[in-house]
Amino acid sequence: MFGIWGHEKATEITYYGLHAQQHRGQEGAGIVVSNGKTLKLHKEDGLVNDVFERADFEKLAGYAAIGNIHYVTNGNRGFDNVQPHLFHTQNGSMAVTHVGNIMNSHTLRGELEDEGSLLQTTTDTELLAHLIKRNGKDINEQSIIEALQNLVGAYAFVILTEEKMYVALDPHGIRPLSIGRLHDAYVFSSETCAFDIIGAKYERDVLPGELITISKEGLESIRFAIREKRALCAMEYVYFSRPDSDLNEVNVHASRKQMGIELAKESPADADVVTGVPDSSISAAIGYAEQCGLPYEMGLIKNRYVGRTFIQPTQELREQGVKMKLSPVRGIVEGKRVVMIDDSIIRGTTSMRIVRMLKEAGAKEVHVRIASPTARHSCFYGIDMSTEEDLIAANRPVEAIRELIGADSLAFLSPEGMEKAIVKDTSINQGVCQACFTGNYPVTMKRKGILSENKSK
Amino acid sequence: MFGIWGHEKATEITYYGLHAQQHRGQEGAGIVVSNGKTLKLHKEDGLVNDVFERADFEKLAGYAAIGNIHYVTNGNRGFDNVQPHLFHTQNGSMAVTHVGNIMNSHTLRGELEDEGSLLQTTTDTELLAHLIKRNGKDINEQSIIEALQNLVGAYAFVILTEEKMYVALDPHGIRPLSIGRLHDAYVFSSETCAFDIIGAKYERDVLPGELITISKEGLESIRFAIREKRALCAMEYVYFSRPDSDLNEVNVHASRKQMGIELAKESPADADVVTGVPDSSISAAIGYAEQCGLPYEMGLIKNRYVGRTFIQPTQELREQGVKMKLSPVRGIVEGKRVVMIDDSIIRGTTSMRIVRMLKEAGAKEVHVRIASPTARHSCFYGIDMSTEEDLIAANRPVEAIRELIGADSLAFLSPEGMEKAIVKDTSINQGVCQACFTGNYPVTMKRKGILSENKSK
Amino acid sequence: MFGIWGHEKATEITYYGLHAQQHRGQEGAGIVVSNGKTLKLHKEDGLVNDVFERADFEKLAGYAAIGNIHYVTNGNRGFDNVQPHLFHTQNGSMAVTHVGNIMNSHTLRGELEDEGSLLQTTTDTELLAHLIKRNGKDINEQSIIEALQNLVGAYAFVILTEEKMYVALDPHGIRPLSIGRLHDAYVFSSETCAFDIIGAKYERDVLPGELITISKEGLESIRFAIREKRALCAMEYVYFSRPDSDLNEVNVHASRKQMGIELAKESPADADVVTGVPDSSISAAIGYAEQCGLPYEMGLIKNRYVGRTFIQPTQELREQGVKMKLSPVRGIVEGKRVVMIDDSIIRGTTSMRIVRMLKEAGAKEVHVRIASPTARHSCFYGIDMSTEEDLIAANRPVEAIRELIGADSLAFLSPEGMEKAIVKDTSINQGVCQACFTGNYPVTMKRKGILSENKSK
Amino acid sequence: MFGIWGHEKATEITYYGLHAQQHRGQEGAGIVVSNGKTLKLHKEDGLVNDVFERADFEKLAGYAAIGNIHYVTNGNRGFDNVQPHLFHTQNGSMAVTHVGNIMNSHTLRGELEDEGSLLQTTTDTELLAHLIKRNGKDINEQSIIEALQNLVGAYAFVILTEEKMYVALDPHGIRPLSIGRLHDAYVFSSETCAFDIIGAKYERDVLPGELITISKEGLESIRFAIREKRALCAMEYVYFSRPDSDLNEVNVHASRKQMGIELAKESPADADVVTGVPDSSISAAIGYAEQCGLPYEMGLIKNRYVGRTFIQPTQELREQGVKMKLSPVRGIVEGKRVVMIDDSIIRGTTSMRIVRMLKEAGAKEVHVRIASPTARHSCFYGIDMSTEEDLIAANRPVEAIRELIGADSLAFLSPEGMEKAIVKDTSINQGVCQACFTGNYPVTMKRKGILSENKSK
């Protein structure tokens, strides 16, 4: 998610801002721009590169823009869910884009429909727009606050009208959202790496429960909810964010390296080399190697050119040994006791495949070390993590997992080690959400059975 | 527009049904299908051929489908306007598609917004959907009738829910819509040519003010409005429909040939050959030639391969004589007195160009005969005809037009001749709308200034 | 095939010249341009529209260009055969393009290979290039004449070097090739319709056995072979050329209409309406109707939007009656005795299908009249006509064909009638080749078994 | 370059083999397959992924295939140069593909043309094919040896006929080429990473001056030239090959890490962190860090999604700080003394940009260490390295380069350090070519001025 206010190349900057965050979603992209009089939208399925052409920059001329890329979780596949959404009313237009997950959306949709609203999609962005306009209200700070106060869940919203931009973060700040300055312009981004790409300066993170309004009069901030202890998603550090981003002012690569160091302290291995699964586990692997005094080597290679048009090998060829995305480096692992660092284990199938691959390439022993705790619980806050029954660790002790994946030893980072690696200080704004590891959910529906009300999309 | 109920290849049949009507719009196409449980939509910009691939037929498996192609009139350009529109509510889904123009849409949208509705597009299909759901009503015959009774204008709607299909035509029956049978299935189509293509049998035309409901219980018909004398758009005969379609049970090619015959009776010409502007004027030209006893010749050729990717000649080359779509046949026209039949004159620029082209190719005289009356009034019923100020005939006598286009003589068919060519009998269901020629509008907003309330899109 | 010499927009003009001749081949297109110093080539599979973009015009800037579209006959499928071919030598470059068929290519290739030549394709254009360079000769009028004198067959060549353009036609002039002027520039085209499209003036046809050289010094013409009586391919008139082209100074549409008139004189029919198979049979149908005094009606419609991406109906749907390219117009043919005019019968399957279609649409009788003689012999001169065993008329009397296609009566135009319709005068330059109808081949290999030496591609 | 003999999925395996080597060239790809009777070719501009579709695997069914990707060096741009090249003769067909550069091609082409040959391209593959067929010779081991003996330069050839595959390496073995086994099949590849991807076992490297013939009779090897000391291109280790490949049985990643270690020994730096330019310098950076005892950090990030369709920022935005491919990680480098490891400096512009970027991101000092010697001489053996005048190191002492790129200190690895990192033993088959660093060219034209005879393309 990205927004910019007050730059004459707003669309172009937003293109680069989204491009820098392409790893956060590959299924679609869109930008809405305001020229002060009208809002214009361009969105399509596909990568940012494929969605926009230079000519679009001229068609979307304006001084304020918001954009998003499409991250598919269970239930929001399809073009209808590509954001932003643009709404025209006779009193003006409004574009909305969002990251996260509204847990009580089903209930809210029912209420709206009973009042006569007709929703076209199952997206949370459309839901928010309808809540704002509920009962024919105008689009302003007040109606947005009323709408936000209905929501239970994790969310970061950016709203654009012809004349204003609104930015809101949920009361626990579960999803990341930062503010930067590009000369006189304000920029907003899920990840700070977008600021580096466009040459902007990081200013601060949006606060939990904060609503920011930007207009010709400048930036105003109010709090629309009691601020809770921040519960920033730990998975952002583990694998979701880019290593060059800072979250809560902690650099992601550095935090990953530190996870590797903590992991080495907790669970060292008697081995010859350390290797990591590219790309997201390299930092942790280097940290682990440094801490253990073992050489870090490139024992696994990622095939960079595997894209949309890549022809997957048939089952027959796969059984004959044709690899796809990852391949082991025989010259590195043959005859060696290898520590293989991965960032997480979700379903376990990838780990199983990599262990077998390394053994087939001649590794004498494969010691798997996971730079995050066991993922045992579903996420209701917008990370696509499989349901509990699919999580290999949900109902299995570590030893059973080790056996399943065929490793010679297996260890996970502890939640405490994780916290040490991520949290810089203990202020209210610096906490993390480890719900998928620990089951301690910061936000719930506050009644029995609540967690399962999650959208039945 | 096309719909089918009760065929296991509903989507595939709809594809062919839309394809047969591709001439009615080239900007987009979409199909919604029901498998009894859910509705699925696929739509895109472009030709029917480009929008669908064979794989889509499997994805859109079902027994009932509706589809439409996108005809761009002033103000409905853009993907948002490609139909059908699909709406999901917690009590079920509804897809809507439509042909025509709702004249009081601005007023209705204002009312809806005041009640809290949020419309995403400026389309009449979304408007109808919101009217149906107004105040949280269920989607059924009753709520559809209430919605239709709000509308002023020309329209044909097809609505699909998981379990029913609804088909409605405005009280004057301005737009064409026919019912056919394909074995046990019901089919609906703007033009009957679609029935021939899919091997269906024409049954009857939908009646003005009729609402048809199809479900497992079969077809039911009720009248939702006082039935007015039919006012079927004459332009459908003149150039919009395919020559192999029947409208009001009159074949379009035959009616065009008859227009040529009537025109020859009213305004014969002293000439050597008769030629027509391909494709829509050929039938009239042949009729004119037959009636006059002059040979019909192919004096103008249409370049079939001019498509989307054709590179238009630069102004410089055009001035040097490079032609685009039409070219004259020197061997036919050189040294001849040519009667050039065209179906209509709207802005006059095409006629001017063709006359000049024929003269440059050596025609001694060019006598222009138009197989429809002078187009002097705007259309508010869904035909893209320019505003009055752009109509060359709006404020000009025929002689002034003749001079402008450079013809040696010029004549138009009279409204009476037109009526003779089209209307088979004088029953209430067989009238035509010649408002663009005569200014007699069958539907108005019933107060002063009404015609200008048309959507300010 | 198209060439232009002496125009600063040579490539762009060639684009329009090829575009006008798109009906002569849809499988590929290419242009080579000279700017006086180097030759540049762009070619691809596909339609002219798809092969070129406006940006190519700038890349291919120059004052002389040649181009061709790719007509696939048995054995020249594939990108390698898309023309022109461009050859670079240390003394300069040469581009060659060609229409027709070299009958002794197999022998000539063998000779060349024995001398050490290495040919990459099986095209006649590459063959000619190697013959020109044989034994390291320079590229000039003399080496071209020597190369041409080796050839037996039907051909029209255009050759472009940095500084000259050469144009040659075989000694019988079997394939069409005309010269025109566009201001100061010389233009060459297989069909004259290209001249009309670009605003050029037809000057004359290239003569059988003529070699034309164009350079800064202007146009020079010499005869490289004893001139034989012209034997211009009759099939060019029957269906291959565009109706607005002139061949041997006879307009194609007019010749077709005359074929219809001659056919009506020879084989009238007792019927109600005359209809033609679009597009190529319409002219003959109108002629037939005029001569018989029967009304011409549009009893068959061609679906214009059937393109590359059209999804063919499955066998199942076809059996249920789904049509593809052609559909009958029930309103016209129902209950009528129909004369159905077609330009030719090759394999007979199309005729069979159309007769059945018309009967299913209610035609009482279908009288088939073919505006050309029975096609009984293979073509060795470049028209893709099936081998003799596939020709329905090869070994069947007319009555047996009638029965096969299910017509109520059937008649073909006589070769004499055909000659009357095409040949304007009896000078040496005005003859036609009717070999596929009569078996009288103007060019043979002059020894036993010769006709079968044709490329075993 | 890749070849396989004796596998029923030859084309599919070749696809994966080329795909694994995509980094060696992105401009085109092609495969020729033999089914024992005919050779079939498919090639196009673009990435391997884009050139082939699954359907092509069926069209190209066969048991032996060769393929290549297109690496553009100065002068071989354009589709004509995409390999393999396929030649049809009346005695059979031959496909040829090649890596490297023939230095005396100009002379050889002149000789061939004087004898009547007509070459269509300026490629070395076409040249070899013509040399083989010279004077009408058959295609066999003997004619191939005679052809090879004419060549001066660096080359690896794979030739496929209907019944045999030939593989040849130049007498110095400058370019890499290895043999592997996939069950019963033989495979050949420029890089061994392709063997890992397809599950094949590395067997040995092709020897300098070796010609291998594979047929139904199995594999035969002969030597066609006096074997010189191997001079394998050092640049293959430095940046060209994939880290998981082995060259001369030395793993590339390991050799790079060793270069970093040697570099640290020769030129340590007083700094806080070590970082590398992704991707090719990461291994060396890790080695450097390990040797120095400094932490390795991810100070520079490569934007993975920059592809063909990426819209480059305008000059204006670039000046405002918008980055493209690489961005610095402020959180890592701010306030630090950074050692920046790069694999080489060619023109110096990239180094200059990166140093500036790091300083703008807050690096206190930037110490540049290059893991290869100063590149001062052109390459005549197939690596695209700029001409001497463009090499920043050609005529500049290290201090001048340091000043130009703005580094606080700068050091290069010595040629001796390089040799230590790469060469495992000192046998005749294990030498490397460091000509671009040292000017000691292993192959020359053996007369004065020779090096400049290189193709004046």
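In this document, chain identifiers A, B, C and D correspond to the written order of the chains, with residue numbering beginning at 1 in each.
The rule is simple: a residue touches a chain if its C-beta (ideal position, glycine included) is under 8 Å from a C-beta of that chain, and two chains touch if they have at least 3 such contacts.
Composition by chain, UniProt nomenclature: A, B, C, D = Amidophosphoribosyltransferase.
Bear in mind the structure is a predicted one, so any value in this text is a computation, not a measurement.
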Report the inter-centroid distance (CA atoms only) between chain B and chain D in whole Å. 61
Note: chain D sits from chain A at a C-alpha centroid distance in Å of 37
Counting in whole Å, what is the centre-to-centre distance of chain C and chain D, each centre being its mean C-alpha position? 48
Can you tell me which residues of chain B touch two or more of the remaining chains? none
Arrangement of touching chains [line / ring / star / complete / other]: ring
Per the touch criterion, the pairs are A-B, A-D, B-C, C-D
So, in the complex, the side of chain A touching chain B is made of residues 85-91, 106, 109-110, 113-122, 129-130, 133-137
Residues of chain D touching chain A in the complex: 9, 12-13, 15-16, 19-20, 22-23, 47-50, 52-54, 57, 182-183, 193, 196-200, 202, 242-244, 246, 250-251, 253-254, 257, 279, 282-283, 286, 290, 295-298, 301, 303-311, 313-314, 316-317, 320-323, 327-332, 361
